Every structure is written in C-alpha cells, then in structure tokens.
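Heads up, the next two complexes both have chain A, just with different partners, chain B and then chain C.
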Partner chain A sequence: MTTVIMACPTCGFVIADFTEEQMAAEERVAKRYQYLKKKQTLCPNCLIATKRLKELRGAEADEAKAAAPVFSGEILTPEEVEGFEEAEAAETPLLDELENGPWPSHVTELKKSKYHMMMYEEGMRLRQTQWGFGGYVSLPGVAAGILVRASARPDIARGANFMRMLAPSGGYYTTDMLRTVCDITDEHAYGLLHLHSAGGDIEILGIPTEDLEPTVKALNEHGFDVGSTSDAYRNSVDCLGMSRCDVALTDSMGMRDAWYKRYLDDVQYPRFPHKLKVRFSGCPNDCARAQQKSGIALVGVFRDLPRVDGDRLTEWVGRGGDMNAIVRMCPTRAMIWDGKSLEIDADSCVRCMFCINKCSYAIRPGVDRGVAIVVGAKFRGKYGPLLGKVLTPFVPANPPDYNEVFEIADRVADAFDEHARRKERLGDMIFRVGMDQFTEWVGVEPSPRQMAEPRTNVYYHWKAEELGR
Partner chain B sequence: MPGIGIPPLEKTIPPIVKRNYGKWIYHEVPRPGVLKHVAESGEECYTVRAGMPANGRVSTALARSICAVADKYAEGHLRITRRQSLELVGVPEAQIDAAIVDLNALGLPVGGVDHTLHNIVACTGWIHCQFAATGAAAISKALSDDLYDIFLKEDLPAKLKVAISGCVNNCGEGITADIGVIGIHRDLPRVDDEKVKKCEMALIISVCPTGAIRPKPPKSVQVDPNRCMHCVACVGQCEGMPIGDPVTDGVAIYVGGKSGNAGSGPNFAKLVIPYLPNTPPRWPETSAAVREIIEAWVAGAHKHERIIDWINRIGWEKFFEKLNIPMTYKQLDGYVLWPMSSRTGVRFHW
Partner chain C sequence: MAGQTIEFKGKTLELDEDGFLQDPDLWDEEIAEFFAKEESIPELTEEHWKVINYIRDYYLQFGIAPMIRKIGKACDMPVKHMYQIFPTGLDKGACRCAGLPKPTGCV
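This part shows the complex of A and B:
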C-alpha cells in the first residue's frame, strides 16, 4: 500500500491522506485528490493562505505523517475566547439602543451568549465591519471544511471559527434535538445559534480551534452532520412540501432526503470548480426560492388543468369569497367566471398557481405532476444576479429514489465540473457558453418550454458533421 | 464527518403532520399569525407563527425557552421557516390563545401570515462578516420595530417580504424580496502588497468581472478605479484586499422581487434608490424610505397585487413620480446585461 499525503508546504500539517489503492477503487477519492492537487488551500494550522500543497508518496509520506504537527491553535487560544468577560464590561451605547422597541432584539440575544460584543459595537461606532479575512479550512474527516474568520481588531478578539450544521428537512425539529444542539453550542462555542442562515443550516459560531474536532464528534454522536462549505454541493434547501401544505405538488422533503442519501459524499468532498446549490420546491410558488438562488432548482409542476369543484366554489362564494378579485388578477386571463360557474381555458392557463393559492378550498392543482429542472440561478459572480433558466420542463418524480430527476441533475453537475473555469458559477458558465451548448452537453431534448421566445439572432452555427461532411 | 447526513424525516415531523402527510386539502387564516390546514380526514392543524430576533440570532437560553413552549403546545416539535421565523405546528384550537400569550412573554410577536409583512430576513452584517457594508441585522431590527403594527395585523393588499443584505453578495436575499435593502461599498479594495504576495495572483485577476485588476510587478496587483464596480469578488479570494469605508459605504433600496410563479412570475428586485448613508444604530433614512414605498403601494394596489404587479400595472415612471424619488444615472443599467432593463418602444405612462 502506497500512501499519498497532501500537506501544508510551510508547516507540514497533513490536510488529506489516502492510499493509491483507494484512489483506484473509489471515484470520489480520486476526484478529491485531483481537486486538492489543483486547489490552493488554506492550511488550518498556520492559516497561510493559498499556497500549493506539498504532495508526498510512499516512505517519504509515512515519515512526513509521523512528523506532522498537530493543531497549534494559533488563531484562537482559550484565553482569547474567554476574553468576552472584559468585552461585556465595556459600554455598548449604540447596541443598547437596539434593545429598545417592540421587536425581539438580536442584541439581547448576543449579550446572553459569549459573543464579543465590542466587535459589534465598534462596527456600529466606526461604521465598518471589524472582522477580517475568512475562508474554509479542511479538518481531518471534514474535507469540505469549516469556516474561519480572522479579526481586523486583534485587540478585542482574534477571530472566530464557525461550522454549519445541516438542518433537518422542512426545518422541523423535535425539542430534544434543538436542546442537544444548544448543549453542544454551550459547551464548545459562544452559545449562540443562527436559525437559519441563508443556506438553510444552523451556524454554530465561536468554536476555539482545538475544540473543532470534539464539536464535530459531539454533533455526529447525536446524529447531526456538518458541511455546506467549499467548492462542493452546498446544503440543499427545501420547502415544507406535502408535510403541511395544501397545494404542494411533489414531496420536496422526501426528495431532499433521497438527495442526501445519494449525494452526501459530494456535499462533504469538494470537487467542483465552484460551489453548487440544489433546492427543492414542491410547487411553482417556490417557497425555497430555488429559481432565484440555486444552480439546480427542482420545482414541482403539473401539466393538466387546475381542478375546479363547482359545489365547493359556490359554497365558498356564498361565504363571502371574492372570486372577481381572483379572476381579475389571473395573469393570462384564463378564467371565465359568470358569477356562478368557473371555467379555465386550457390554452391560456400557464399553471402559475395564482387561483389555487387564493382559493385552495375549491380550486385544486392538477394530478399529472412532475418536476421542472431550472438551472443556473445565483446572486454573485461575474454577471451578478441571474434567474434560473428552464433546462427541462417536466421530468416524472418517482419516489423513493427519484432516479429520473437525479440522473439529469448528475449530468448538469458533470457538465459544470468539466467545462466551468475555476471559481466560475454554473449560471456564469451557462451565460458564457449559451443555452444551446449547455442543453446539448447535458443531453436533454430541446423544448419550446425552454424559451421565452425563439431567438431573433440570425447568426447560428452549423457543424461540419451536421451537414454530412 | 462522512456518512451521517440529515436527521431522519420520520423523527422530526410532528405526529399530526405524519398522520396527514400529503393529504391536506385547503387552508385558511382564521386570525393574524395563525394558519388552519384541513386534511382529507377532516383533521384540522393549527399553526402559530412568530417573528424571531433579527438575523435569526437566538441565544441558547431563548432556544430552550422556545423548546419549553413547543413541549407545552405542539407535542415537542417546532419548525424554523425559510424566513427565519418560528412555527408551532399542531397547536390544539383551544390552546392557541395561551400559546400566543406564552410566545409574547418570550418577546416573540405572533403574526406574519399571508397578506401582511412577513418576518424580515437579514444576513449577519457587522455581527460577524468580513464583506458587510452595512449592519444588516441592525437595519432589520430597526425596520421590524418601525413596521411592527403592520406585522401584527393582516390588512395589506398582498404579501410583503422585506429582506436586508449586508453587501452585494446578497446572503440576506435582499435582491429577491418585495423590498430589499442591500449594503453597498463605493470605495476600492485596499491592496496590501505584502499580503497579496502570498495569494494566488491569477485567481485574483480572473475573478474580477470587469478586468479592473491588473498585475503590478514584481508581485502585487493594482485596481483600476475607473473599472471597479465594488463587487467584492476579489475580497474573498485574498487576505490582502479588504474593502469598506466608514464614510462612503451605505445601502441601496431595491423593489419588486418575488420568487413565486403566480402573477408576474419570478423576478429579482430592481434598483430604486442607489445610495442612502449608514446611520447606526437605527438607519432612519432607510426606515423612512421603506415605509413610504409601503404606503404608496397600499394606497394604489388592488387586492392580491404584490408590489411588482402593482408597478407593472402603473409603470415604473409613475412609481418614481408617486414616491418623489430622484432619477439618477445609477438607475440606468450599464453593465453587461443592460439591454434587459432598457425600454424599447415608446409606450409611456404620462
């Protein structure tokens, strides 16, 4: 067995180690190796940014492994973390003002924890953030890494590490679970939760470096996992779907469950050119904001018409339901309403859910249901915020493994993996190469439902083989 | 650690949800902050929704108190929504009043359902972020206080979602909301040659969307002030390029974002006010601007009309006119995708 290790060139800290046999046998290990080889990463030990890792093999590697330093804990020492007591004693007039008012105050919450209040107060006073550079740091066993953030004010606090705990589907907790998370946070961190961050995870803030591994271990023992960092799949977000929604078309929570069963490795072993997000929405209302935020958005759709129950509608109108207001707001004027009976024009209806939302008592979504795959939404990156583009308008969603859906999602991820430039988001890549090229790479049938309208542009390319040459 | 994944579904969902999974047939809003879902079996599920502290920052002390309330009224289950608010699912009808009293006793207001202001989403801002141009969580708290009366009632024309992002990275989802407040930098990244030396030069140069970063021999970079758009892309790549200035940073107001396909379909919010100053602790200018936009919308909108649907009907020119917002060159897009927001044709509202 030949060992391969990737170590920090400065201090010799081992960031990853595996055997050549493992690399040959497991695709994800090989991909991880390729990724580390290309990537210039932060060393968790000395925190020197972005230098190419040292690659060692065989006997040399074994030697280096034996001599490798353990965590020196340079970024945070216990004394520094406990420095909160002094900070608490200092005055925070600007933050105190935010404790007034009827809304529950986050400042009160911060004060109840071990958070360095003076970092925030100074930020408010100087009108500038007091936190410094941050990044992802791989830990043994947590390849995607946890987050570190240095401080621009070492006189108050020297920095803080935090990790992201994957939240349960739909955001449902048992109180026991939440109490366990509280216990772990109290023991190892500031005693402060972030319910939830934008990525749908709990951020546990303020973990001293030497406590990082014990924290991960404690979370794991209670059935929680960490992740959602680095150039991997981020934590996926779902709406509450069929669990408590009367208009949900697909089981978004079940789909997220199946997704995690299938892709957990890709969440924890970074291998993409940049991060990639997946979101599940049960219907076109898109409570998970999938079409605006995620590289791969799986949105529940239906193809037949909304089902109108005449008797219930009459009853609803009799109770004072305002049907005219709904008919007026139908975006395609597909509703024909004479005060007694309602008809929906099949050619006009775009299945947008408007009437169903407003009167789910009498108007129900259709039964021919599936998933639309919308790709490339994101906020930052080269071209700024881009909405997701329809890749394929309908894929059957078959529980429990949703194979048809995930196979296409796989091909999207592979195309991204293969063709994106380093630190290029999926949305930017699609913008650069064009929807025609991308659809071809993914290998789905082109559909008129992919376009808002056909192209006006008269310049398009024919390849030699398409001309039979 | 590999192999654990997310907690099992069967364990986390409340019993009433498990019994009626996928069998809900309609819902009503019997009173502000309370949802009633009815299942095929006739079983009724009451949900009480409460606002949470800005940015969803909850101390373990408050989290434990919330757990105690959930044990008392919701069979030991609770739910955190996509908008950082709290839901107790399956509260018995007779105990709703008591549950609201107990939640209020913890300082959590009950409201934010359907045609009203929903819980304001914010990113962490100056609490713990290197990019933040503004104290997003503080703005969220200030706005929530200011709009508190709207949150408690349920009398807006349609849903109103407000979100605060501390910088253009938009972790606070400001660009997706009906009214988004987004922190903006207006200064250049400050290049620290010593630190830039340690970073990967090619990456810093390649992430810049406008090519404003060029090499500066022997081993540093320079930023072209005429091309920089203050997008903070380079700031995340290298320790030697911090951005942010106490005097020139501030916020911009975006209006008309929405994610659902109902009505006019999903869209991002559009720039309305290009710059307002940072005025901690309560950002009165921002607060006033948001309230004015809400008031104009309430006065003009039809029932069920979200802000963007109202604006689509009356036209952006009328919107600017009604709110007396000065038009500047900044609202006209000049970046790569500019033709998407330029008007073609001469169909004007006068």
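This part shows the complex of A and C:
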C-alpha cells in the first residue's frame, strides 16, 4: 500500500494523506488529491503568515532581521569588553534613584553581585531594554539545553547564560541546601539567584559558557538537577498539601514525587512540539494555580457532600458565626438553613469549598476523595490566556504510584505529541480542534461535566448510584 | 562571531555562526564524519546514519527539519536513546551532521 502525503512546502505540516486504494475507490479523494497537487497549496497558517509578511511588513521585517545582533553564546570577561572601564566608571543616576525609600531595593541587591548594572542603566536611559532575545546553548549531557539571554549592547555585555534548577516538592529548602546552592552560584556565576521564577524553579543567573559544565556537575554532586527548559515537561509546581494545610484532599507533594519518578526521562529529553507544564493542587481552592497555568492540572476533589457537624455548627453560630451570610453567598444556592440545622442540596452543590473555607470549624470536605484532571490552561500563545477545561472530573488517587491518574495524563501527553503543530501549546491545540475531537484522541467519554468553569457549572454533581450509595 | 569559511578536501564550505552548513547541496558523508567529531560523537554507527539519512531526506522533501516524534517513529528508537547517541542534542548535533542549515524553532 502506497501512501501519498501532501505537506505544506513551507512548514511541513501534513495537510492530507491518501492511500492509492482510497484514490482508486473514491472519486472525491482523487479529486482532492488532484486539486492539492495542482495548487501546491500552503497550510492555512503559512498562507496567512506569508501573505501578511510580504504585503504588510516585507521590507520592515527584512531590515529588522539584518539589524538584529549576532550572538555567539559566550560571555566576555570585563577585560575583554571594549570600553568596559568607561562603562564601569560611568554613574548610574537613574538606578540610584530606585535605592531610595523605606522598602528593600532590588538595585541594592543587584549592585552587590556581578550583574551588569550598565545594561540596566542604559535600558532605563533609553527607555528600551538593552537585553535581546533568548535561546539555548547546547551542552553535552544536558539534552534540554541551557538558557541564554542575548544582549543588544555587545559593548557592555555579551549576554548571559542562565540555568534552572528543579525545586523540591512544596518549595521546601533547608537553609543548608540553599547555602550549597549559593556557594555554587558564587563560585561560577553572578552570585545572583532568581527565586522563584514563574515556573517554580531556582534560576542561577550569569554563568560563563566555559563554566556551564562544572556548574551542572557541582549541582548534580549535591543531588540537585537542572532542567525545566526546552520542549519537555517543565518544572511542576505543587501546593503544600498535607504537610501544612487543613483542607488538603490529596497528597499533592507525594503525587509530584511519584510523577517525577515516572517521567524523569520526559523531563530531561525533550520530545513534545512545545513545552508542557504539570501542576498539582491539593483541593479546589487551587493555591498552586493549576487550573490557570498548566497544560495538565491535577486537582484534588471530593465527590460526596461537605460534612456538616451539627453540634459544632450550633456552637459556632452561638459564638457569633454568621451562617446566613454563608448561605447567601453560596454560588449555587445549595444550602438550606433554618437557624438550627443545615442541609446541603446534593444536586446543586458544585463543591466550590466556599462554606468550608468560611466555616472550617463545623463544615469539612467529604471523604470520597480523588483527583480531577483539568487540561489546556496557559497564559501565552496563539489564542491568548485560556483557563483549563475539565477532562475527567474524578479519578481515584491511590498512593504510592497513582497509576489511574497518570495513565490518563499519559494519554493526554501522547495526544498532544501526536496531533499538535510545531510550537503549539496544549491549550491552543484543544482550542483549535475542540473538546470533542480531543476527548476522542485521549479516549475519554465526552460528558457534560467537561466544562470551562468548574465552580459554576450546574452539571457538576454526582448521582447516588455513581457514588455507590 | 560571524560565519566562517573552511577548506575541506578541496571544497570550500561556508558555515554560519553556529557551525551549520550554509549550502546543504555541498554535503557528503565525509563532511558528516568531520562534523560528528566536533559534536563529540567518536564514530558514526549504523544508528547514527539512520537518523541522519532520515533527517536529510525529510529536509530535501519538505525544506524543514522533522519533528522529534517523527524521527523516533521512523527510525524506531526511543527519544532518550537518540539523545544519548547525539550528546549535543538532535537540533544541533544531528541536524548539523545531516548538513542542514540551523533549524528554526524545534526539531
């Protein structure tokens, strides 16, 4: 069987593929093949891009490309930079202004390190940042690469490499561990840490190219790992979970550890069309911001109703607790309160945890606990910020290996890998193809519970037989 | 560092600032072996050639480097193994050996 692939000549995106049998059997397919062959058509993305670029920005784009600085990835020592002494001696009046005031100043901190102050000062003076584009430096043994921030002013600094260090679950560091990291940073880099970056990892800034390997080696020797770069699983963020929280429904930190055990290869060896982030939240309060920021969010949920302790509730109200306010604020009006006893309507309750947060003395989360898998949230990208959509509203969470949860997460990652276009986020892909198509690829039954807004959707309730009651 | 020009076995090769071959038509197997040494690959084995030939065929057909998943499927290798045989990465190591210009975006 021979397959004919019609691909976009610019980006390689497969527009259609036909087998010869299909073409012989169906006239429609044969016609489509002839049409595509005759037109040599581009994929929709390229069609838009090329037309726009050529018509609107042709000359402008060419000029910008020619003017862009060429950067080799190396950092020069001060002595090698031309005119460095003048730059060093130059004063930084604009930055000095930022040191005034009763609050801690970032300029004071930056001045103590080996950071290139003149890059910042010039940026302030010209009202235009002097740092250039970002990119990767390849380092044997670190498949995901090391990040680099290029400079648009090679006369001051030639750019800076920086690497990301994966943080332990919960963001718990002993002072001892931080001291080790600080020592390594002092020895090899600016002596400046970025704690935490938006991805929840430690960024070690300003490492010269020849020092990259020793730095990675030193970090590895102390049991730390670098990563969170390139088109792989990025560093995952979790809430404090059962280690410090009173409403944690699942052990989010344990789940993150189990996840790293299972997917370490995918963290270290990039294989996706674009980055993919995973976050773990212990309950629907979502302190880890999983439903807003991660491609795959694993959020602890409960299926049965909030447990109300009548005696404690009476005591709480007797102490001056305002139950009426809570009942009024319930988003789906699921509570019935007659001044003595509280009833919660199972069909209306959406498990938003508002009452539990407000009156945690008497109302506690239910006991039938698991994980909701929410997919496709992201901030940047083609279609703007997107909230996550619920893929599976309840999966049992069974420590220590959480197989049920990770099997679905696995299928999501595979569907993303198989069907996404180049540099397309998971959220963008779901937005493009629709939830119907996506659930088919993942192999999950479509249901009304797959909604965009978990806290207000009225279909988010469970029938008694589903709960086994 | 701008691009450089090197003389190799009677051919004049123009490289860009990252050492990628500017004109893919000048590529031959000896050049691949020469690049491989610079990319910390001691010797090009059969597996290397499988990956290199696939990337090159794909590039000549579509004008762009293939995605990692496609390489893995076509060459029947896990992604991890491919990174191990090309220690400097698939985008730099493998594409450079295959004589492609510097890939834009991901491989």
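Following the convention adopted for this analysis, the second predicted complex is superposed on the first by the 359 of 469 C-alpha atoms of A that agree within 3 Å, B and C clash if a C-alpha of one lies under 4 Å from a C-alpha of the other, contacts with A are read in each partner's own complex, and residues count from 1 in each chain.
Here is the rule we use: a residue touches a chain if its C-beta (ideal position, glycine included) is under 8 Å from a C-beta of that chain, and two chains touch if they have at least 3 such contacts.
If you're wondering where the values come from, they're calculated on a predicted model, not measured in any experiment.
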Touched partner set for A:129, first chain B, second chain C, both or neither: first
Contacts of A:265 with chain B and chain C, given as first, second, both or neither: both
Which superposed partner A:101 touches (first chain B, second chain C, both, neither): first
Residue contacts with chain A in the superposition, chain B compared against chain C: B
Partner chain(s) touched by A:110 [first = chain B, second = chain C, both, neither]: first
Which superposed partner A:422 touches (first chain B, second chain C, both, neither): both
Touching partner for A:391 - first (chain B), second (chain C), both, neither: neither
First, second, both or neither for A:145, with chain B first and chain C second: second
Partner chain in contact with A:375 - chain B first, chain C second, else both or neither: neither
On chain A, positions contacted by chain B and by chain C: 141, 265, 268, 422-423
Chain A residues touching chain C - in the complex, by the definition given at the top: 7-12, 70, 72, 74, 138-141, 143, 145, 231, 265, 268-271, 273-274, 417-418, 422-423
Interfacial residue positions of chain B with respect to chain A in the complex: 1-9, 11-14, 17, 21-22, 24-28, 37-38, 45, 47, 51-64, 66-68, 70-71, 76-82, 84, 86, 89, 106-109, 121, 123-132, 135, 137-138, 140-142, 144-145, 148, 168-173, 175-176, 198-200, 203, 206-207, 209, 231, 233, 236-239, 242, 244-247, 249, 257, 259-268, 278, 280-282, 302-305, 309, 335-337
Footprint of chain A on chain C - complex, ascending: 1-2, 17, 40, 58, 61-64, 66-69, 72, 79-80, 83, 87-89, 91-93, 105-106
